[in-house]
Each structure stands twice: as C-alpha cells, then as structure tokens.
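Okay, got some structures for you below.
The following pair of complexes shares a single chain, subunit A, combined with subunit B in the former and subunit C in the latter.
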Partner chain A sequence: MSEPAPIASSAASPAQAQAPAPGPGAAAAPGADATPLLELRGIAAGYGSMQVLWDIDLSVAAGECVVILGANGAGKSTLLRVALGLVPAMQGSVWLRGEDVSQLRTDRRVARGIGFMTEVGVFPELSVRENLLLGAYRLGAKQARANLERTYAAFPLTAQFRSRPAGSLSGGQRKLVGVAKVLMGDPSLVVMDEPSSGLSPVAVHEVVEVLRGVEQSDVSLLIAEQNTAFLGLAQRAIVIEGGHRRFEGTVDALRDDAALKRAYFGIE
Partner chain B sequence: MPNVAAGASGQRATSAQIWRRRAIDLASVLVPTVLFALARTVDSNLLLLVSIMVYVVLAQGVNVIYGFTGYLPFGYVGFFGAGAYGAYVAVAHLGANAVEATALGGVAAVLVGVVLIPLLRLRGAYFAIASLAAALALSSIVSNPAVTSVTNGPYGADLTRVFSSGGSYWTAVVIVALAMVSVVALRRSRLGLLLRAVRADQVSASCAGVNVVAARTGAWLLSALLAGLAGAVYAWSISVFYPTAVFDTTISLFAIVFALFGGVGTVLGPVVGAVVLYYVYNAIGVNDPQYFQLIFGVVIVIIALFLPGGLAALALGARRRLGARRGLGGAQPVGGSDVR
Partner chain C sequence: MVLYALISGILIGLFYGFAALGLSLAFGVLRVVNIAHGDVIVLGSYLAYELSTQAHLNPLIAIPVAIPVAVVIGLAFYRLIAPSLGRSKDPEMLSLILFFGVSQVIEALATIGFTVNQDTLLTGPVGNGSVQILGQTFPNYEPVAAAVAVPGALLVMLYLYRSRLGLATRALMSSRADALLAGIDVGRTSALSFGIALALAASAGVLSIYVNGGVNPSQGADLTTTAFAVVVIGGLGNPGGALAGGLVFGLAEQFAQSYEPNWAGLVPYALLLAVMLAKPEGLFGRRARYA
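Showing the complex of A and B:
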C-alpha cells in the first residue's frame, strides 16, 4: 500500500495549537487518571504480507470518548482488532491501565475491562437473553443474572424481545441489543466497530442517544466510524487514511480543519 | 448503564416456568433411559438393543461436537475404536472387570482426544479430513503386528472371559443416561451457551470474554468420552472383534447421519434419528445392504436439501403453526427455546 499525502496534521491545526491533543501516555480528560485506560503505541499491523496500518498511536482516558474516523479500508477496524488482540501487531504495543497486554489473548483483555461490539453486534442465532448473558460471561452466573435484570430495566427492548433470536430483530434493535450486551459485562471501556453500519438515520440517532447515556455513566468509548454523527459524543477524534494517522485532536479542531471538512463533512 | 427507560419488571422467569423447564429436562433424560431399560421386555435381541443404544450415544457425541461447536468429525470412529481397544487392554492386561474396562475404554478415548487437540486448530473440511486421517492412523497402529503383545494386532481382541449380555445391556442403558444428562446439561449450562456462541462466531465469542480454545477442547473431550464408552460397551457386548470392525468409517458416517436426521443441537433429535434409522438398517441393511445404501443416500440428500435442521426442525415448525393457530403469534423463540 502506498503512502498517501497527508490531509492534515495535528501540528498544523490552529485549534489544536490552542488545545493540544494528548498523545500516548499523556493525561487526557480533565480529572482523569494520569494513566490512560487504553494506549496503543506505534502500532503497525496487517494481514499476512499486506500491511494496513503504520505507526499508529492512540490513547483513551477514563471517562473519555474517542472516535476513529476514516473511509472504508482505512484501517479503523484493524486498529480496533489489534487493541483487542484479534489481529497481532507487527510492531508496537497495547497497554491497558499501564499494563502491557500485547501478548494477552482476547478473552484476557476483555477480562481486564474492555467490551467490544463488533459490526454485527450480536449472535443472530441466539436469543436476546442468551446474548445478554454472554455479555456478562466473565462475571459469573450470579452477577450475570443481576446484570440481566438491570439491563431489562434500562433497555426495555431487551426484556420485550428476550426470547426472540437476535437475528430476527431490525438492524437498529440489534445494535441496541449489542450495546446492552457489551454493557452487561460492566466494562470500563467499550470499543465499537461501525455502530452505524446498515442503520437508517433515525436508528443512528437512537444509537447515538443511547451511547450518550453510556458516556454519562463514566464508561469510556472508543468508536470506529465513517458516520460523523458520532463525533457529537467525542472529546477527541483521530482520522486514519490509508493506514496512517492523519489527524489527532479535539473534535472542534477537526471541524475547523478545512481539508477534513471537505473529506468527511462534505462542506466547502 | 444508561437509564434509557424504566420498567420491565416482572420479566424474570416465574417459578412455574423454571419447574416446567426442570421437568422437561428430567423427562428428556428419563424417558429414553427408561424406554431402553424396558425394551428387553419387548425385544429379546439384546445385541440389537445394545447396538441401537451405542448409536444413540455416538449420535449424541456427534451432537456435542458438531451441534454445539460446528466441528464435523468424520474420524469420530477413532474414539469408538480407542474405547473398544481400551476395554480390551484393561481386561487382558490390567485384569479389570467388564464395568471397569468400559470406564477405562472411555478414558482411553479421552487420552486419544487429548493427543488430537491440535486438530481443533483446523476448521470445516480440513478438520473433517484430518480427523478421518487420524482415525485411520489409529486403526493402523492398533492393528499393526508389532503391537500384537498389547492389542493382539490384526488377530482380533477377545473379551469372552467377561462376556455378559445382560451386563453389557444394563451398562449401555447407564451410558445412554449419561449421554442424555451430558446433552441436557450442555443445553442448559453456561458452557453450552458458550459453545453455541463459539459455533456462531468465535471471534465475537472471544470478544465476550470466552476462552474459545478451552470451550472447544471441553466439548471435544466430552464427545471423545461418549464415543469411548460406546466403543467399550459395544466391544463387551460382541466379545470378539477385529480392528476393522471397530475402526470402520461407516460407524462415523452412521453417527453423523443419525444425528443430522434427528436434529443436531437438540436433546432428543439424535435419539430419534438413531433409533429410527438403525431399525431401518437392521430391517433392510443386513440382508439387502444395497437397498439400505440407496435409502441412506436418499436420506442424506433429503437432509442436505430440505431438512438441515432434521426431524427436530419439523417438530418446531409444527409447534409454531400450532401456536399461531392458537393465536400466540407464531414467531416463538428459537435460540433459547425448549426445542428438545
């Protein structure tokens, strides 16, 4: 993959000059612990001999929402998969609360408080209730049952359709069940891969509103998206293009960047 | 947790529902077990009854590994043969009695399963072929004249010293009960849910915190245990056998087709499939094997084309239609339902 010319750089952004974005290892959200919840350092990754990511740094602080923006094939999902241990990094390391977890299996990383919502979000063949119970698998049966009642109350949809196969629900309902499933595990950080995928604008709005509630409950969010609707949730954003980080900074700085506005907001 | 909306109280399963579920589970174990226990009063051919029970157990073993994890074990007969020869070695060299030998046959199959754990890295056709190759290799090892002092090599195994048609029959009944308990427990347990999640999408399962490797290995070894016990009790019931008899790949094929015909992923489907098709085999296949092979081929084609869920899917469809007729909406649960 050839290296495209940068659209924007954080150093070139005036807005960022005023509000510099925290880099890896730096403190991020006000009042947050100095150690980032999740930190990716110098990640290079790919599939076989095909490299799709080059030297990506990323951090998410406690209580923070970070959106990874990029077009199809930019490497967003791969980056999330590296964070979860689903794709091995060619270079770089993954840190959770200051612990290097680069060599840990996915389930061990999940046990340390990461919840991952894939693009599909649910197990379509399993019932909604079974999906939710799987979300709390690591917590044990008793805690899972307690969280199930809490989830039924917080997401009435899950109670209403609890015996239905998740695959029989609409796309928007599936995403909400997917969010509820991830939250069943009491994660500190929820990582989401394209939550807007396949959804109507109305359903996207609904998912965004649910995530706003999640954010207010001090759960950190890391969302890979093409849809800029999710920027409303974020304190910071990074833009990936062709496997390279083209921007990192506050959402305001992103909105002020003329090149990025053209590329992602369609605004001249 | 966002407070999206309040309410939804009273959504827990009522105690009546819980007791109903437990009663169904108990019936799923007891009904086949009691029917097989009583079968000798109707049919005095104990060898036939033991053979049917052996195939019920094998079909349930396939159910565990294929129905819950998606691994199709064409070499499943390897565990069966290991169980048979494990029992022989226990009797011939360890001085075990027949019941102990049956248990040790199960252990032998589990040990073979442990050795073959690396096969679980493969998926789909690769796993199916590799498991078949492993079974053939095991058969070659057991029948090798170089190990005659252990397995009696190609000259066959003799268990007539412990032969007891009644003893093997009742032991087979117990093993059927064990197989039924295993599958019911899998259906209800967190492990069963976990295995179905792994089968549906192992990446998503690992993202839910599931140790996918451990889950698959657990199902694999349970499946091996069931086949080993079945092989051991079969060896006990026939007393004299050769490697070609207990490592015959037709055994794998029968077990897989019986399970698929009844419905994998269900509790009773493989039982019904094994009983129905083995009786058909016994009625036709022994004297006119060519006709049975024809019927068997047609059954496989019908399953593949029209009935991927087996007889259990037919039963579920009928229940749905009945529910719709009663005004219950028809769209009743599939995933977590009580489809038996």
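Showing the complex of A and C:
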C-alpha cells in the first residue's frame, strides 16, 4: 500500500529525456544517467511448460519510442505481459528506472508509471467516461476528475461519446479511447499491444498521429506491432521471430536491412 | 385473481431478485457459480429462527447481525482460496468443486445442529396480521420481504454504479487482467465483493424462512437452483439483471400458482429454458463479452 509515489509524466526530467539511447546489450549501472526507464534482461517465458520466448533483452530510455516487430505468434504480446507482470518470467528480470520489479504485482508496476493498452484497449461494457476514470484509477478520485476534463478537451471524441459503452464504438474510435484512457494515468511509459489491429489504413494513420503527439510530450512508448507504419514514430526497433530476438538496432538500420524486411514483412 | 397474482408476483419477485443478487455478484467477480449460495441463505434462515425462538427477538434483527459476520467470513474465505485458485490450471473447475464441498459441509453441520426437520416461525416478521394492497389480502411477510429487498438491492446498486470501489468491481467483472492494468487491487476488490455476496445471501435467508414456509438443512440446493435460474433469466454477470430476472421469475411463479397450481413449480424453469433458447445472454443481459 505504501509504495513510493509514482513519477508522473510531468516529472520526467529533461536530462533523462535527452540521454542517448543505450547501445545494444548495454546494461546500464543503476543510478547512472543512462538508466533506462524500462529494461528487460534475458527474458525467457511461456505458458505452462510451453516456452515461447528465449533470452530477450530490451530497453526503453526516457523519452524514447521502441517498436517490437514480429509475425503472428512471434511472442510480442507475451513479452509485454512479462514486462507488466501478467505472465511470470521463467528466466531474466524486469527493471523500472534501475529498480528490479520482477517480483512486483502488476498493479504495483502500474503504480510506478507504466500504462498498458491491450489489444482490446477498453472495458467494452463500461462507458467511455468510466473507462477514462479507470485509466486514472491509481491517481485517486480527485486527480482522475481533473484529468478527465483535460482528456475531454484533448480527445473531443471522448467527450462526445462519454456516456456510450466503449464496446459500442467503432474499432478506430475504441483505440483512440484506449489511448486517451492510458494517458489519463499520467504514465511515463506507455506500452501498447498492436494498436493497429482491426483498423483501416486511415484509422491507423490517425492513431499514429495521436501517438506522435504523445511522444512529443516526453512520454516513452513501447509498441508491439506488425504494421510498419509505426516505425515512423520509433528511434529503435527489435524484431522477434519464433520467440528469439533477431534484430535490435535503430530504425534506420532496420530499414537498410533489405533481407530482414523481405523475410518478415514482405516489403521491398 | 389477476391483481392478486400481479402484486404477489412483484413482491415475491423482488425477494427472488434480492436472493439472487449475491450469486450474480460472486459470479461476475469470480467467474464461477457459488453452489453454496443457497446454503448461506439457509444459514441466514437459521439465524433468524434462533434469534426468534431462543432470544425472543424479532427475526429481522438477524439481518444486521448477519451482514458483518458474512462479510468477514467472505473476506477470509476468499483470502483462503485465492492462492490455490491462482496456482490452479483450471480455477473455474477447482472453485466449483470447492463450493460444492462447502455446500455439503454446511448442510451436514446444519443437520447436526438443527436435525433434518423443517423449522418454521409461527409469527410473521411484524405479527400475524395480514396486509391489504389494492383490496387484496397478503400475509405481512410478503410486503416486508419486498421492503427489505428493495433498499438492500438499491444499496448494492449505489455501491456498484456510484462509488469508486464499485467502478473497480465492474472493471474486474469486465476483465481481470485489464483491472490489474488499471492499478486496481484485484485481490482486495474480489474479497470484498465475495463478502458482500455472502451478506446478501444471509440477509435473504432471514426473509426466506417466511417466503419458503420454513427452513431445513437440505433446502440449500433448491435455493441455489432458484437463484441460478433468476440470474440466468436476467443475464449472467449483470447484477441489475438479477433483479429484473427475479421479477420475471416471481410473476411467472405466482401467475402459475393462481391459475395452474400443479404446474407452478415447472413454469419458471420452462421460462428459463425458453429464455436460454430465444436470448442466450438473458432477457436483460448485455451482449456476450467481447474478445
């Protein structure tokens, strides 16, 4: 109950935001300036006795956007679930700002400023307003109401449909409500599982544009995707294939890797 | 006769809805049917019986006595079973078996304590007088049952739909993982809901000893069945639906009793099957869960 107060996005220090992204395999010493916001070290995970991830390293620096690419069943969602504590790691550890949170319950990790948007993204039975309030649940009733006004202004759609069940909105509208909901919690890191799933190209574009705004507000992003449209937001990417990390590096390096592009995305 | 069946159906139906509300709440949060729900109702009936016959108090006093006891037992019991459920590969099956065991234990204990005989209270909750409503005469327990059920259910609805903890509870009913991700303490919220569910069952038991003409240790299974039918008619996992389902069930039963008494026991269940075939999500249920 008495966890240290979470650090809201507004508190993310500019010094951290401008820190250079750590190079591959850089296990920054805790407390150093380059301490990543989120770091996964040597993660192995699975369901029951079936292992689906092997030795995955990943880090997200403050202010950075990292995309996880991979085909269906590659293990992207599983990796995100491990980061949030929804699936236990068989091996490896999860670090938040230099603190080992591997043994911490999901709600406690959330309390430290990670927001997670699942593929569904919203509570479909609950109204848009209730969804938004739940996004800020950890902040308490007063802060939640204050953030609600801010969100209605930033996402007019949420004000317009505030009383509608979130499940009655279109796929694209639902994703935008999902983004608005996760931002309600003033996270310093937003983790998203396939924000593009089920969206038309136009709606994907709209979500990407909204996320561009989020990125500019110094919120870090970790996005699992198959859709390469999200690469435009990212500084770095990792590619997972069959549960193994096949690539880690800058987005430019990924774009230059023609073989990789052909193999995983069928794009020339 | 129409008017009598209508009023009686509404009064008894309100009781049915109230008696099923806890089952609906426990199902919504735990995703399992609490088979012991009816046995907790039976315990509520026995508490009323003892208070009345041994302590010579008004049996309705059993309600404020039962509520805190049931909440505490519910909290403790949830904390007891949660670790095993968390570790289980099939928590639904495990909790079904657990609740079945609890139901058998309560029935056995009640038999030891009170024998298999039916116990009845000879005096109504407010004396033996009858009550006139729109020119029809009813035993006083019918309006009393409704007068307890309505504010009781209203309080639960206020909790669920107007409080912060209630919002967390409904989020949990929608998706446990997403509730965790909202930073909700899922364990505490579940435990509290289960405690409230038991308190509702025990309170309904205090009324049940009148409405069902007495109490006996093996009544629990029937009461669970009735509550389950009410919840399914109204829509699983939707507490408001349980109340509406209770009204439908009560009206069906009372109309059948007025016109075809031999068929009265069958009609509500025939209705249940009809509802399942025509509208599987229940008369007042929302659409099936997404994703």
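What we mean here is this: the second predicted complex is superposed on the first by the 231 of 268 C-alpha atoms of A that agree within 3 Å, B and C clash if a C-alpha of one lies under 4 Å from a C-alpha of the other, contacts with A are read in each partner's own complex, and residues count from 1 in each chain.
Throughout what follows, contacts are C-beta pairs under 8 Å (C-beta built on N, C-alpha and C of every residue); 3 or more make two chains touch, one makes a residue touch a chain.
This one's a predicted model, so the numbers in the text were calculated from it and none came from an experiment.
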Fit or clash - subunit C, subunit B, common subunit A: clash
First, second, both or neither for A:Gly48, with subunit B first and subunit C second: second
A:Glu99 touches, of subunit B and subunit C: first, second, both or neither? neither
First, second, both or neither for A:Arg164, with subunit B first and subunit C second: first
First (subunit B), second (subunit C), both or neither touched by A:Gly135: both
Partner chain(s) touched by A:Val214 [first = subunit B, second = subunit C, both, neither]: first
Which of subunit B and subunit C A:Glu149 touches, first, second, both or neither: first
Which partner reaches more residues of subunit A (counting touched residues only), subunit B or subunit C: B
Partner chain in contact with A:Phe123 - subunit B first, subunit C second, else both or neither: both
Partner chain in contact with A:Leu183 - subunit B first, subunit C second, else both or neither: first
Overlapping contact positions on subunit A, where the subunit C interface meets the subunit B interface: 84, 86, 105-107, 110-111, 116, 118, 120, 123-126, 130, 133-135, 137-138, 141, 165, 185
Partner subunit C, residues of subunit A touching it in the complex: 48, 84, 86, 105-107, 110-111, 116, 118-120, 123-126, 130, 133-135, 137-138, 141, 165, 167, 185
Residues on subunit A engaged by subunit B in the complex (per definition of touch): 84, 86, 105-107, 110-111, 116, 118, 120, 123-127, 129-130, 133-135, 137-138, 141, 149-156, 159-160, 162-166, 168, 181, 183, 185, 210, 212-214, 216-217
For the subunit C and subunit A complex, residues of the former touching the latter: 89, 164, 167-168, 170-171, 173-175, 177-178, 180-186, 286-287, 289-291
Subunit A-facing residues of subunit B, complex: 1-9, 11-12, 190, 193-194, 196-197, 200-201, 203-212, 331-337
